[in-house]
């Protein structure tokens, strides 16, 4: 048994409550992905709390518990700077991104927020090019509720796919 | 901010109502995809209203707001003709199709119906061949309720994948 | 019409009840996939009843109604043996697996249990290698409720992808 695997925490939440939260998180993620897939990168930081953590890291590092990643942002101000920078860059390499999400798994809910995970595929289509798998991985999230709405206090994007830092220009 | 992006309309619907409709649409789409994936193409028009619009168009055209597409059907009669024609054709190129859907996003509900969008991957497996990504894109839908059941009044299949018209023999 | 297609059975269940069960099954599958994706193969048999049937078969065989498959296990004891054997083998070929599920379709509920189906993509990433599609297919399931929790009495993994038996070392 490897129930203590850092990427497979056992659920510790009432089933009815988990279902309720799952529906809300699914809706949140549908909006999040629609925003990014429409290339509205400047709208991306709005899904986070003011002091949220956003990190993109390989599964190898995540399983070792290493607090490093290819991309790292702490606080929405840093995300906004990043979003603006990307919005300027994207002129040079137009592409379409498309997120496809699997079932969301709600793990716990306590004073620190709601923890959940969702596997994703991120597809990329270059102009006149083929559609390829850009990144396969799992969101490991912590949500807080602000004014009745969910916000990401933490999104750790753990990717299975081997990728170069240069390829991670866009938010995932 | 690009909230006015034609493919990223902001949601304007009560959250509880959106959840309720989302569950119904997810069920509808599960049936729709199971029908097509079982190659029951003649069952496909039954998911639409009598005067429904079905269109397959590239994301490039959709973002420009161009009302054109590789495939176009107006009314279920046209879909039925098409379905029968395909049922005959398919003998010559047997293949398995498989739809994988992401989270459904419910956008609005008014007199014109319920608007929602769902990202999809459509996989294709040729006999003795590999499984490849046939089409990645998003359904942009408008549903109406007839006799208590949802029907598609409009399904705009907006595909990211660059594809030739010839490759779009089958309904998506 | 091919409504009698073995892979496209019509739904015969009250819509409200189908929605309720679907949410439960989605949660079950989220846990099931998280367990396998975390490589916790020894935790895999816990998702089944004592005398459950687990079978992996090609869509070609399934459509012909042939009761054969590349992988077959009857009873949780056989699954446990298999899981232990795999846990030893995996040292030699480390890889990451990632399941991405589409909408679950609940078909019937009667004395024999709850029948449902879910399309899936199973992605594989080898160390230093690319992420590739390992298997595309559909779970055809029968669930029973034991002590208030769902368990699989039957999981028939019907895969579209052409694959060699050797490639099916891991549970799907």
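Letters A, B and C name the chains as they come in the text, with residue numbers starting at 1 for each one.
Methods note: a residue touches a chain if its C-beta (ideal position, glycine included) is under 8 Å from a C-beta of that chain, and two chains touch if they have at least 3 such contacts.
Predicted, not measured: the structure shown is a model, and the values here were computed from it.
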Query: With chains as vertices joined when they touch, what's the shape: line, ring, star, complete or other?
result: complete
- prompt: Same or different for subunit A and subunit B, when you check if over half of the residue numbers at their contact belong to both copies?
  reply: different
- request: Working from the CA atoms, figure out how many degrees subunit B turns to land on subunit C, in steps of 5.
  value: 120
- prompt: In whole angstrom, how far does the Cα centroid of subunit A sit from the Cα centroid of subunit B?
  reply: 26
Field: Residue numbers of subunit B (touch at least two other chains)
entry: 23, 100-101, 121
- line: Listed in rising order, the residues of subunit A that touch subunit C in the complex are 1-3, 5, 7-8, 11, 15, 18-19, 22-23, 59, 100-105, 117, 119-121, 133, 136-138, 160-162
Message: Quick check: in the complex, which residue numbers of subunit B touch subunit C?
response: 23-24, 26-27, 29-31, 33-35, 37-40, 42-43, 96, 98-101, 121, 123, 125, 128-131
